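Letters A, B, C, D and E mark the chains as written, and numbering starts fresh at 1 in each.
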Amino acid sequence: MSAPLLRVENLRTYFHTAEGVVRAVDGVSFTLGPGETLGIVGESGCGKTVACLSILRLIDPPGRIEPDSRISLRDRDLTAASEGEMRSVRGNEISMIFQEPMTSLNPVWTIGDQIAEALRTHRSARPAEARRRAAEMLRLVGIPNPEQRLDEYPHQFSGGMRQRAMIAMALACDPSVLIADEPTTALDVTIQAEILDLLARLQEQLGMGLIFVSHDLGIIAQIADRVIVMYAGQVVESGTADELFGRPRHPYSEGLLRATPRVGRRMRRLSVIPGSVASPKRWPPGCRFHPRCPYAWSRCREDVPPLPGEARASRCWLEEEPARRTGGWDELALAEDH
Amino acid sequence: MNEASGRAEDRADGGRALTAAAFIPGLAHLRRGRRRAGLSLLGLALAMLAVLAFSFDRVASTFTAGRVDYWVAMLTLAGTLAAAWGVSLRAEWGRPRQRAEGTSQWAIAWREFNRNRVAVLGLFLMCGLYLATLLAPYLTSYEPNAIGDIAATRHLPPSLDHLMGTDKFGRDVFTRVLYGARISLSIGFVAVSISVTLGTVVGAVSGYFGGAVDTVLMRFVDMLISFPRLVLLITVIALFEPSIFTVIVVLGLTLWPATARIVRGEVLSLREREFVEAARALGLASPRIIFRHIVPNVLGPVIVAATLGLGNIILIEAGLSFLGLSVQPPTPSWGNIIDGGREYLVQAWWVSTFPGLAIVVTVVAFNLIGDGLRDALDPRLRI
Amino acid sequence: MASDIDRRASAERSAAGTTHGPLVLVEGLVKHFPIRTGLLGREAGRVHAVDGVSFEIQRGETLALVGESGCGKTTTGRLLLWLLEPTAGRVVFDGQDVSSFDRLGLRAFRRRAQIIFQDPFGSLNPRMTVGSVLREVLQVHGIARRGTAERQISELLDAVGLHADDASKYPHEFSGGQRQRIGIARALAVQPEFVVADEPVSALDVSVQAQVLNLLVDLQRRFSLTYLFITHDLSVVRQIADRVAVMYLGRVVELRDCEALFQGPLHPYTQALLSAVPDPEAGTDRQRIALSGEVASPANPPPGCPFHPRCPHPGKDETCSCVVPPLRALNGGAQAACHKI
Amino acid sequence: MTAYIVRRLIQAIPLLLGIVTLVFVIVHAAPGDPTAMYVHPSVSPEVIEQMRENWGLDRPIHIQYLRWLRSFLTGDLGVSLTQNRPIVSILAERIPNTLILSGTSLVLIFAIGIAIGIVQAVRQHSTLDHTLTLSALFIYSMPSFWLGLMLILVFAHKAHLLDWWPAALTFPASGMTSVDYDLMSGWGKLGDRLHHLVLPSIALGVASAASVARYMRSSMLEVIRQDYIRTARAKGLPERTVILKHALKNALLPIITLLGLYLPFLFSGAVLVEYVFAWPGMGRTIVDAISQRDYPLVMATSFIFAVMVVIANLIADILYAVVDPRIRYE
Amino acid sequence: MRRALIGSMGVALLSAGCGEGGERAQVADVVPDSLRYGGTVVVAYMAEPSSMNQFASVDENARELQNFVLFTTLIQYDENLQPAPYLAERWDTAATIEGLALTFHLRDGVRWHDGAPTTAHDFKFTFDRIKDPRTGFPSASLLALYDSAVVRDSFTIIFYLKRHPGFLDPWRRISPVPEHILGDVPPARLQQHPFGTESPVGNGPFRFVEHRSGDRWVFEANPDFPESLGGRPYLDRLVYRVIEEPTTRLSELLAGEVDVYLSIEPPQQVSEIEANPAVQVVSLPTLRYTFINWNGRRPLFQDARVRRALTLAINREQIVQTVRNGLGVVAKGPVPPFHWAYHRELEPLPYNPDSARALLEAAGWVDRDGDGIRERDVYRASFELRTNPNPTREDIMTLVQADLRKVGFEVRLRVQEAQSLRRDITSRERPFDAFVLGWGTDFRLDDRILFACSQFDGPFQWASYCNPRVDELLDQVTRLEDRSQALPLWQEYQEILQWEQPYTFLYYDVRPNGLRTRLRDVQMDIRGALQNVKDWWVEPTARRFTP
């Protein structure tokens, strides 16, 4: 793997609210290489969105990126960059697209204007030039009649079209990193497939690094080269897509895979991860997954398991005591039956 | 742990401070770290005792005066003291609340409200105001309408004898402001009650049933809203002679369309909510759905509107007084005290200024509370 | 666990189950919503939400209604429960035409057919405790006799995997999955035979989704329920359905046994839909049928086959764009609406 | 758009008819009639009767209503019974005055309110925000006539009595123009008018400005939370652009709705302010007309008020469409 | 000084300015007549003059503008309130069978502002319209005893009338209207003719420039005003402004934006004005008095002793001092002090609660149940006192309530909207107990509508008072032209009314006006604040608004 494009080390983003500190992202590290697709998967509330926003430093107060966190783009430390420098990074070197194309586009400005805006800000493009380039971008993301549609407003676009427009906007300045935060969740499956294809094609074409965030294991499996699984603000497992989906090592990844219904086959009964995610204000002590884990033993309740290494790792004491992996999800499924 | 033993333990725990807590209200709260509650209770009790101490004669004269408002003041005094002690003692002895109880949205809103310092300040102001109003006969040694030796007492500037000076008839302005508060606040309260009730019912019915009912009701609401409110008020009151009754009724009957609109808007969105659909799927009758499932959910905005409306009505009453269309002298209302003093603004600024300030402070208090409630009841803040 | 509810439910079932044939029969169901413009409310057009849907649901089976957003599946569910009145067509429940019910009849019908909603937040009244929601249902329908309500409530909560203590809590004190359980308990309180589950798991996280799906399956077995399971998620369908109806733009395009459908979808739309669903096991090597364009607006459906503008079928021709293909019965109990099959 | 405006105006007709009918009923149901102002020892009862007949007040009320309605629908607003002038000419004189005052206040309200609201939202929770919030609240809580009197006391009354008071901060207390207005040059006239507008428009507008600021603040805060603001920031736009371009236009939407709501409110407030500042506007006309039972004038002024409100709402809706491309009227 | 003035008012019918008159006269002498021309004067009043058309207006301020500014009347009253020639050079009378023929000889050279001469035909036209009931001239009763008018030539007009005292008085009040403009207007349309409000054409010292309703009337000097009547007025322009809010009026006067503040209201502002050297206060006696009417049909007020007791119990001096800031004279009866028939020797009833109580006891009103309120038979000494919305009267009511409470009367106050109050008190049923109002008298007094038995059901007999002797007196005084014969009858009338108190006469109103001192030769008196407006002038150095 070539030198990492983006490196996130020990990212911690806390929200200091009146009720206490919400540790939304709590020590996340990963790297992204050029042309690589990193999938981040996890259920709602696991901190994946906050992690993405932290990279662009778009966390609003009372949220704060804690001091020892380090985000570097090539060799620039973004956590230390001034707000002005950050602005020249956003939408220029790192772009982001969001889950809701419906609400992520400003309803009162035309699509063209919103795409051209980035160009005019970062490239100091003249209006005509920016407009031409915006039309080009729309064509690139597969929107027919781009010149005409530039002057339309977001509400005149369908959901899929809007997401395409969002992508065009994000890619207008040739970013080296694109962060896609659940870009297809709000879309129908057929449209989702189109967008996924589009993203894959564009990445190949433009050679950017892509961080793709989703709760849907199927999508991640389809699009990602490497995957990290997040739970309760932490990375619990990382590896290539094949490794992870073929042989999950962390009980959470394992449970998640087993609980996911498949279109390919009918399971006798879905496995279940009991309980639900704890409140981010009070993560459980020890391993944060232990209250829901079928393998948990006393050590899990007391000691925080480490995440050894980056390429292929699991934040679990089972890594040290593999012998304890007995029963597990199957037994749990049986227990639930009665 | 069974209940009996739990209580026994509590009592044993509180036993030490029992004597102190029994005499000093708020101590229990203070000991439990609830500083604000404790200090408020303590302050309240002290204030009541101070009233008792400083105007003992007047309190004592309750039994001979034969006037209702003296008895009301007496009841308020005793009631407030008793309540302060009661709450304090309950905090000391009472069983801690069982955790199994769910926390209702209202409880959460209250907690949220309590966090908002300025809103609580507004609440304190308002409570103080109402208390002062009820205790008026004890707080001042003057009668609001008593006219003595005018030549000697008219237009005296503020002093210790007359905290806010005297007016053109030598009446104590402080006393009149106190008694005027009764009128102004009652007008606000009753008018708001009328308009909120009417507005909620009309809005809920209109929003829930839609169709022709909605069209007819809303056209009527449009009509009332498209007419400058003060002009409408002036028209009706000027035509039918100003009095407390007219003012209350007219305000109550003209202010409801705003509430109706708010409620209707809320109901329209609630009607589409799945729990309402579920209620219909479960075969519940329309009145039950409206009043049990929908109305409690629109009460938030309605309460906010009502609180802000209270402040607003006090302002409107003042405006009507300016045109001589409100409560008639000598009965004091804040509006007509200002009005009575406005001719002498240059010579005796205090007559108009203090009731004006009373209005400002009161309206500010209501607005603070209203804003606090708005934030506390805003469903967007929670799930 | 042989509780009171079980016993009574089964007793009533045997009493009521005199007629045979499908529990629910839908014929030519049409629902158009007028589009009104201006304040005069002139009708400018109509949204063809449901455009001639017919199917039947057998007792004890789960029929899944699948389709993308705006295809009319939710409206169909509402029509079945008479929460909306159809523009045309009829709904026959247990042999009786629902439109013929008077007020009392409708009330009785409401006890036999219930609904579970998608939104775990919007489907519960935030101002009422779980207990009072259930108590109200029991009282209104006279199910609870004096003194038995509390026991029935705790049984209901128990049946959906909640604790009896939860009765005094408010909806916001529960997680999404738990709320969905409350919604299910509310539907079950009247001891229905038929339940429309409208995207009951779409808003839930995967781990919780599995819990609720399993619960639904269990409850169906325990109370011999009949489900109409509305969803856009084909993977969930495969897990729970006996038969599947695929909808596109207000019409059913394919109606088949579940396994058969997943093994070999007939309609080009179903094929595309199935191929578009990502599957963690299949990896990246699956062949996807790419569709182009967007779903047409139900306010302005295309003439002919509603799917023809996007249809990847190589044999697409004039007929497709002119003639609406009827839902035809094919071999093996399959039905599909396509000229090219 | 034109068709829409026409349709809206047509739809307003029943509303307006409803209002004037309501007013007609209320006014006629009330005791007293316009001849009362002629109840004077030198006026004989026969004269009064003659007047009643001249004015058609001797007819049954429904006949009066129909007669009034007929002439009203033919565009004849009648003659004021107390001012003895055609109502049209009274209105022609008064309406512009009211519009000048309300218009200036409106501009003031929205310019100041929006600016302050934005500042507050951007600096949420800062000392500046709290100070502005609190002072807005205080201003909002003042009765407008009281504020007007205080303004006169300070800026007109005391200002003339105090030697050190800067002349620039001295304003006329009453009227729309100086007595020597006719003798002024073009710019002088404009200056004189503006000078006379200062105090009344402040008295009329400042409370509403405070309230617009409050709405603007919360609207702005609401918008700032939106996804598209995050998108704009993620694009690397300067904060200024994010706020003034992306947030402002969206935040203005609810404020535009306020516009429609504020005009009736302004007209109401104008009644009091017109009295305080001797402003010859509609507010005083209607109050005087009511107290003198000048029936045709009451009807006409009520009608005009209602029309102004209808038009204000229409303008608000049109503005709404201008700002929000999602709304199209056809 | 102000007090002194008021005290002497009865004697000196006229009073003008303050004591500085002497100094001012000297300054005035220094400024030669030719330099007095120029300048604008702004007059402010609380209400708008309704119309310049006398057929339509009833308000006093409109009449002042009509008579003194825009039009010229046939006669004027001189300083002793004696008729003096004005537009009429002279007049003579001749007895006829019916009564009297009154011939006016008009001055030549008086022109309407549009250039047409004012002739006897205009007077004939005016007279005919006044007598025409279709016109609805509000003060038609002024000429009730006039029969007809005949034009002898363009400058001579003869009126035929029934003989009565003060028969010239109407011509002080009635101005002519131009026949050449209004001649074709149907009488019923006269009141609403734009002449009154938009384009009045007069023949007086000032001509109409502009009227902005609710704001101002603007007049400018009439350069053609005949020398014989005083010639062109000194002032270039006269602006009559309407300012309702008292504080604003005061502030505008003190700021110099207003030169004349007519009727300082509330009177407490007087002290503020007096404190300022640039302004002065001129207090005028008026034709008005303020009173409480007792409804004689109510059992409570049927007994004259009770009414007298009520008057004794009301501290009227205090009312004058408190409410009117001393601007008023405690009243004895319905004849105001400026009037020749005023009973000077009569002492007003004193403030004496003790004798009031005694009288009440004597009349059978005793507090039997000890609640502080007296009773008699089934009646309780409790009544409703009303007034219209008017700060002064509301204040009076408040004081009366407090005073009467001290003698065991409970007074409920009610401020009733003017129109409905008027309807109530003029209705035959008299559905009220008592009210506070003001009454405007005239130089020609006729109190029959107030107190005559014949008027018992009339619109103004609010007291429902009937005393045959009073009827007799009132009839006689309206016939007697010789004042020395009439005076004793007038005095008896006032004595009876004081004894029987159908009203409690509170005080005779005094009207304070504020003036900028730069304004010179202002002679305000009972004839009107504007009566010599054509002689006003502004110190040349202090003129503002000069082109």
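In this section, a contact is a pair of C-beta atoms (placed from the backbone, for glycine too) under 8 Å apart; a residue touches a chain by one contact, two chains touch by 3 or more.
Computed from a predicted structure; not experimentally measured.
Centrality by Cα centroid goes to chain D. Which two chains touch most often is answered by the contact tally, and the pair is D-E. In terms of their C-alpha centroids, the spacing between chain B and chain D amounts to 30 Å. Distance between chain A and chain E, defined via averaged C-alpha coordinates, is recorded as 90 Å.
Residues of chain E in contact with two or more other chains: 247, 250, 417, 420.
Multi-chain contact residues of chain D (touching two or more other chains): 30-31, 149, 153, 157, 275, 291.
Multi-chain contact residues, meaning those touching two or more other chains, do not occur anywhere in chain C. By the touch criterion stated above, chain D contacts chain A in their complex at residues 226-228, 230-238, 241, 245-246, 249-250, 323-326. Residues 145-147, 150-151, 154, 168-169, 238-243, 324-325, 328-330, 340, 342-347 of chain B are the ones touching chain E in the complex. Chain contact summary for the complex, chain C toward chain A: residues 68-69, 175-178, 205-211, 213-214, 217, 232-236, 238-239, 258-259, 262, 272-284, 286, 288, 290-292, 294-295. Of all residues in chain D, only 14-15, 18-19, 22-23, 26-27, 29-31, 137-138, 140-146, 149, 153, 157, 264-265, 267-269, 271-272, 275, 283, 286-287, 290-291, 298, 302, 305-306, 309-310, 313 touch chain B in the complex they form. The touching residues of chain B, when paired with chain C in their complex, are 100-106, 108, 273-275, 277-284, 288, 292-293, 296-297, 379, 382-383.
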